[in-house]
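Read through the structures below before going on.
Okay, so chain A shows up in both of these, paired with chain B first and chain C after.
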Partner chain A sequence: MAKKMKIKAKEKDGVVTVKAMFTSLMADTEQALKNKVEVEYIAHVIGKVNDKVVYEATTSGFMSENPLMKFSFTGAKKGDTLEFTLTDNHGKTQTGSKKIK
Partner chain B sequence: MFKLDRKLVTITGVALVGVTLALSSTFAVAGSIDGAASIYKSKSGAIDGGVIYPRVKGTYTAYKYNEQSTKGVNFGRTPTANELKAWDIDALPDGTGLPEGEGSVELGDELFEAQCAVCHGDFGGGGQGYPQLAGGNQDKDKNGIIITLKNQRVYGSVDAPKRTVGTYWPVATTLFTYIRDSMPYAHPKSLTNNEVYAITAYILAQNGLSVDGEDMDDDEFVLNKEKLAKVVLPNRNGFYPNIDDPNAQEDIRAFFADRAKNIGAGIRCMKDCKDPGGKDGKTPAAVMKIKYEMKDVVPPYAYAKDLPPKKEVGLQHPGKEAYEVNCVVCHKTDAMGAPAVGDKQAWEATLTQGIDKVYENSIKGKGGMPPKGGTSLSDDKIKEIVDYMIEASK
Partner chain C sequence: MERRKFLNIGLVAVAAAVVPATSLHAVNFRETKAKVWEAEKSSQAIKEMFGEEVFSAPNKLIAVTDKIKMTAPKLAENGGSIPIRLKSDLDIETLAFFQDANPRAATVVFSVPEGQKVDYSFRIKMRLTAYVTVVAKTRDGKLHTLNKEIDVSIGGCGG
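The block that comes next holds the complex of A and B.
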């Protein structure tokens, strides 16, 4: 999870459409054994705008490598900052943010 | 057969003489066989017994070189300067040939989403059978995934390397020319140079690259001719031999001259082969042996090819099979009030009325017994069954 997050957030007619891609091998136990890597996957994703939760997901190895998430929500305007916080299976967190266009 | 024909061309002289003389002379037959055997021998420089045709300066081809004179053959005319200019549109790795222009990552993002993402996926992540442009593993993270494609095939891993711009492409200027000339797939050459710069910038940004220490993954980043020429892709030195050097021709010649070392040539090793580690003379050459040889298996392999023995069906009573299908439910025991097969007394009592009466009862039914036992068998078959039941009860 060292790399920068790729986030795209656009507002149109009050609806903010978000696409976000996170860098992770998403290797659960089975996958890690197969690929000779450590078990490491994003376990929890939370997206906030103005401290209000707009997206939340519990994830694991069921998602593909470098998972892509798309969702939309209302109640934010252009210029607000969308902030993602990822928690991996070891409890390590990473944050990334993007201004809504 | 094709291959044989092709090889014979090379020894036309030898073969023809051999075949002609073969009709009258045994000596000539032996000669032609020798000739035929020699062409299947591995020539030095050829892989696995292939045939090579020398040309000049140690070069060769896999096909016969046409040595016909080209004198008087008209190859057209010298192109005009303008024709050359129209044709010469490529860009070299150092930026020569790139047009003027600039484009921001932000504009590239917009264009990419509108025109490229439908095939190449959001953020260039790939999809639907079209090339993935970003992703893959460029740098070594703490999980041990290693920098370039060359090293991506980790022993034991099941995933193939991902060939993206960041992991595989050697030169970034190719990205520009390729997009300009061939993309978008449905309507190529519809983008302006500035738009192509923007998309190039966006794709490079998605690969997490930087120019002169400036991170490209930033909406404000603007790519132009000079910056594009400075982009160094991670897999720049992942190819061999080096074909961009001024001495490229000599390098390549040297590379292919030592085929045994660089490509592997001659007769393929099938026994006690050294591993590549031994070739430089420093690391000890390990002899590869089968570690766990399979000597036997449990249960053992069956080598017998004969069919399983046939069952002796001739000795069986003709009524037995039909009995077991149709009658056994009631006649196996006396629970249903029917005389059970094997019950000697019950059948003796039944037979006091005479065999004809027993046949009649079995066909027409009696008490709880339906006509023919509820089957649609022929009268003769029913009689056979009755015979069997009587037989079995004696």
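The block that comes next holds the complex of A and C.
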């Protein structure tokens, strides 16, 4: 599952705003059957800064294709690295990271 | 002596019960609450997620709130991508999002890290017009909910 992961993270007044886009078909059983593709969706997303969890979501196949997630958090500086770990329904994991601007 | 021993046992038991609750970050709800993802209706999914007594408790654990703001279109032109934004200043521990339009109700469950405010945007799929329900559990154990009907125009025509 070597797919693209787009991450943007910006810090302003102590609040970090993040936009992240992950590549996945997000096809659940019924949709996969209809479109004749394999069942594939992101099941779990976890975002960390300095080994501290800042974002965590358990998702299902009813999120849109190529899910775009926006969120904000506090407690990080410019130059820190934001790291995402995705787990898909087969249990495969993928990581991606970006420096906070 | 007997009494002292008895008290000690009690203390150990309390300590053991508290430990798993405090180390409760990095939860994969797919493993801990597997049944939630099988539920077909929102009410059923909420019961699986937050416990059976949610709807039947005498002092109503669950209450409709206006402290969580949900931004969602009234009329969605594209059922494949409906933007949703959830915002709240409450001290939320778990935030769950359900809809009734798809074969299974559970869509996304956030576990909010301690001290962070909720401001999440994401996009969902809905095949037909239905209600969406948000249930939030605050750190003091209370449940808050709100729902909204989203019209999905089939065929992509928003007229």
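Basically, the second predicted complex is superposed on the first by the 100 of 101 C-alpha atoms of A that agree within 3 Å, B and C clash if a C-alpha of one lies under 4 Å from a C-alpha of the other, contacts with A are read in each partner's own complex, and residues count from 1 in each chain.
As a working rule, a contact is a pair of C-beta atoms (placed from the backbone, for glycine too) under 8 Å apart; a residue touches a chain by one contact, two chains touch by 3 or more.
None of these values were measured; they are calculated from a predicted model.
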Key: Partners on chain A (chain B, chain C) - clash or fit   = fit
Task = Please work out whether A:6 is in contact with chain B alone, chain C alone, both, or neither, and reply first, second, both or neither.
result = first
Message = Tell me the contact category for A:29 with respect to chain B and chain C: first, second, both or neither.
response = second
Request  = Quick one: classify A:38 as touching chain B (first), chain C (second), both or neither.
outcome  = first
Request  = Look at the residues of chain A and decide whether chain B or chain C touches more of them.
outcome  = C
Task = Look at A:75 in the shared chain and tell me whether it touches chain B only, chain C only, both, or neither; answer first, second, both or neither.
result = second
Query = Is A:21 touching the first partner chain B, the second partner chain C, both, or neither of them?
reply = first
Ask   = When the two structures are overlaid on chain A, which partner does A:87 contact: first (chain B), second (chain C), both, or neither?
value = second
Message = With the superposition applied, I'd like the minimum CA-CA separation between chain B and chain C in Å.
response = 8
Note = chain A residues where the chain B and chain C footprints coincide 65, 68, 70
Query = Where on chain A does chain C make contact in their complex?
reply = 26, 28-30, 43-44, 46, 52-60, 62-65, 67-75, 87
Query = What part of chain A is in contact with chain B in the complex they form?
reply = 2-4, 6, 8, 19, 21, 25, 27, 34-38, 40, 65-66, 68, 70
Note = Within the complex, chain A is touched by chain B residues 109, 113, 121-123, 125, 135, 141-145, 154-159, 206, 208, 217
Query = Across the complex, what residues on chain C touch chain A?
reply = 25-30, 37, 80-82, 85, 99, 102-104, 106-113, 115-117, 119-126
